[in-house]
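Have a look at the structure below, then the notes.
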């Protein structure tokens, strides 16, 4: 299927099914029940899952394949968002031109930054990319305020030109981003007994783009180009003495992953038309590094899992507060209830960072290959024979899926 | 069971059980029965408290959250009722809002506009919140305000001081109770002129982002109007922690007053550094060197410790105010938590009550009805004297406090003393004032 | 006129004269060995030949073209392949993939952005790589992780990778260093086989006199950065200067 | 002219903080080959050693003062430190006043302990793991450490003043014959600079002149060979980790009067200290110190208002700009060795 071998086709199909059914899968608990707190099937978070999935997939093309650890990828995301919002302000609220521009602009930025940074390798490369991203953040937050909106972020206004579109909607509000009239924020609810499932246009739009991005990533991983990138990670010296110049390959990988980041940034703006400078801060770059390593660098699905994991923590765990805990444990005797709540309390709500830190450590200590390795171990426990597939004569050994 | 316990546990539990059967959150653009986003259909109504829980303003966020919990308790008829008894509008009965029990959800803004919007969105989309409130910086307030406008819910800003929130970035669905940069400047200038004379040379250090710009502009124009001269204004990066290289040249410039347009950690550090350099022991131009901090908060004063002693600044509200509303609020907050509330807590508490009252008076949760009820609303008994929610820009106009770091604090909360309560007339400006130019309120958006 | 002409090459590292004034000519289709005691400048000379170092003086011509100032991959593209002292292979890749990379390099040049090419258009490359693995007697190991090969197999793989680029000059840097006797003999046999099967020039830097005298047609002895003598193996064996400077020390 | 002298002074002081942190980071990296993202957290832990000691010293019991009232109108509860009861008010206040310098003694054993526990309990299992794993696990640890501190001390900065004797500033200008009040410099910052110089000197002397240091230096150059000599290099590396933690911690202790410590101060310094280490050259101790001072001075010069007026925003980006220029002109930073962290 799609010129993929069987294993990859199965993976793609699995991801496709999961993303399409996400509104069901992520909302396993009836609305209003005690466990509804853990439901993640609302449009904003689902959009974030796939958008950060795209970001991490792209980052993995650079880091997972070539081993070049960029610490400034958030800059491309930010640039992408700014481009998209400017497109909404100047041209029209249609998301296609906005996303196209964000990919192009992020691509141009990554050509320049990549060309300079790739003159060095290892940690020197990481620091160069970090320096560029931090400069972008600092300038966007301060002196570039007229272009970026600075502290408050770049946002739409009623008096924007929007030459191909209306400045204000019929109700006197700022129009919302859409695809030929189909608003990104439009949702339909399906109520099945106590369960509520939400189907959101923006989510499905992003999910389709993510699937395309994922498919492209598989193709890149399995292509000769992908093999060259892995060869760069493995032994750059041998590559040079094989008559190959590593620089164009790494630059191409850098630009591709920069464009993925730009795409993610553009989509973020399309879902929510505001671009803040914090998107480019070093912690945002660090986040995508963590997503990729946490999920499993160099694997196809790992970064997506890592992105989902971190975004879930950030959006769900941080919203649990003390009164919700009391609600969960009300059935315990009063003293015990207070004790249990007091024990859990430091790890939820404002303590979600603590939980995140502990989980990072746990994953890296016990699952060196990231979440993917965890999945494989579970898979092995259930007796699936992976070794069989490994030996099939596909012409390649592939990194674990 | 005490009354506090009822609200904290019992009610929520009941709400949840009831919710399982009856209340299904209606989502953005979906639940079209009432014609607006997240119309509450069951016996409860959900408010979203979006405050910084991680990052540098986490303590301020925690105080805001305490205030909200207190407000919910009072709205549901628990506790001593707090300001409900002093509030000039008597629409609130202590039986929830329009008879619906008030529930709330909380989120973490991280003091980042992206995270704040994500958190607000989840409250709107997942939890069915009909109003979002909170925040501890203008960046967040502006970002969330724009989001609420789009989504069709009401935004009651928490702590946000930049002119832009009700200036160029104002929105019809957003309301600000807190004061702003212009008011700080207008209130401070006469007090400064009085204390330090009209022949002063000021040196500004300004945080290099929107709030810093508006504050610098406001303080500059109002002090210059009093006859002060501005020698220099230097922008400092947000991420700066050591301000020595910005403070060292101040004396060379011939300035005799240093204005620190900084907030939060920036302010704590720059003030600490300035005092360390011994600036306040110096005589320049034959005058004692002075430092001014336009926007004070008690938590910042606590962070800067003894360095704040004798330093002027402005604040929205302070627990030592002696009007009935403030006293009632301080009493219920102090009784519940054991220490006096901060200005952020006050503003958040008041905003929650004002929203509830507006709904009650309008007879509907519909954002457009709420906007109508709040626009031009005059009230009293919430601290700061008679107050107007101006229709043109959704900014509250009320008395502003000029405060000074206390010389002999009696406790860790007793750090500021009120120097003057600047009457509202003195800080009122025209809606089209140049510092607030640009932007348009637009029309209210009820969503669905 | 040899295929590789080294003229007056000198290289200093700080105060150390690593190479004095080296002149060397490697005849086409010969096996030329460069020997010398430790620190004689063999590795420095080799690095000057492949573009890793740029000599201070002199010229290095390959087939009438200067190699100086070219990047390693460009020199490689001219037809010089190098085998390292410790095998340099792509440890994270499979044996077959290791072999495919030089085949791609031969087909596509220094850079081709074949980023989404499907499995199909790799068929010619895979076929070529498989054939080379057959030649190297490694076909049964094609799906192994290259890092898990034995030392001898890594060496065979590396040599195979160099050969699949069809180079005109194969440079070997102590190809049997650290090998057991049996592996050493296998490597000698492999190199003999290669020489027999193809038109190829081999330059070999070696320590082990057994290897040198089994393979070389011509030998240059390097001492203290300058060539001492260049002659046939028979003559070198009995050369008094060589005995004095080199063979005496190593007691072979 | 005076302005430039002043900024160089400022830069030396800022630089000494950068240099101290970068020194510890390089010690850990150079000896253990571990990229320690928790180093900023160690700096923060040091600062909170000072906070903790001053909290201990001001542990109080409550006395009701009926002459004053608190905010709810009840009689005021006045806190009286126990130390007043033990040493009397004057001596007690003097001890509280000197809490920060006293914290040095308090912090050294604690920080070495934390360092050793960290190395034995966590870091040693990561020597052979990829740098990416080291980054993830130490970053996780950094988050955990700072959240623990936040849980106990809150997010707000905590004022920790220097002793009374070091407040105020010294007038260099007057001493050098310029106008008074032109080149002033706080006493405590002079103390900080001197302290940093002392610590840096001590670390270098320790590595240079003791057998222990010699073995460690040899281990930094070639770990396997030293291991073959039958020397237990691992144990020495553990001790080095402890020392590096102590250096970071002391930098933190002494920094508290300059900026009130808060739980995220380590993260604020983390990125900067990595830039410093890399600009200095990975694995080079003199490089780290040199780069620390260089970046400190350049940052100070760039914050002069004439410079900002000339190039707006330069003060925001100077450090990163310098890092880029240096890394492009000198591939391995100022004094980096070849082959370290290049793959």
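Every chain is named by a letter (A, B, C and D) in the order it is written, and numbering of its residues begins at 1.
Note that in this section contacts are C-beta pairs under 8 Å (C-beta built on N, C-alpha and C of every residue); 3 or more make two chains touch, one makes a residue touch a chain.
Everything quoted here is computed from the prediction, not taken from an experiment.
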Tell me which chain's centre, taken as the mean of its C-alpha atoms, is farthest from chain B. C
Taking each chain's centre as the average of its Cα atoms, which chain lies closest to the overall Cα centroid? A
Name the two chains that are joined by the greatest number of C-beta pairs in contact. A-B
If you average the CA atoms of chain A and of chain C, how many Å lie between those two points? 46
Separation of mean Cα positions, chain B and chain A [Å, integer]: 33
Using mean CA coordinates as chain centres, what's the chain C-chain D distance in Å? 51
Per the C-alpha means, the centres of chain B and chain C lie apart by a whole-Å value of 74
By the touch rule stated above, which residues of chain A touch at least two different other chains? 138, 142-143, 353
Two or more other chains in contact with one residue: find those residues in chain C. none
For chain D, write out the residues touching at least two other chains, lowest number first. 313, 316
Dump the list of chain pairs that touch, please. A-B, A-C, A-D, B-D
Of all residues in chain D, those that touch chain B in their complex: 2-3, 6-7, 9-11, 13-14, 17, 68, 70-72, 76, 78, 150, 154-162, 167-169, 181-182, 184-186, 188-189, 257-260, 262, 264-265, 268-269, 299-300, 303-305, 308, 313, 315-316
Going by the contact rule at the top, pick out the chain C residues touching chain A in the complex. 50, 71-73, 76-77, 81-82, 84, 88-94, 96-97, 100-102, 104-106, 108-120, 122, 125-126, 143, 145, 161, 165
Which bits of chain B are touching chain D when the two form their complex? 54-60, 208, 232, 234-237, 239, 241-242, 244-246, 248-249, 251-252, 265, 268-269, 272-273, 276-278, 281-282, 284, 299, 302-307, 319-320, 330-331, 334-335, 340, 410-411, 413-414
Seen from chain D, its contact residues with chain A in the complex are 35, 122, 125, 129, 131-133, 135-137, 139-144, 146-148, 151, 267, 271, 274-275, 278-279, 282, 312-313, 316-317, 320-321, 323-324, 327-328, 331-333, 341-343
Any idea which chain A residues touch chain B in the complex? 30-34, 39, 42-45, 48, 138, 141-143, 145, 150-153, 155-159, 168, 171-174, 176, 183, 185-189, 191, 194, 196, 198, 272, 274, 276, 278-279, 314-315, 318-319, 321, 323-324, 326-327, 330, 349-350, 352-353
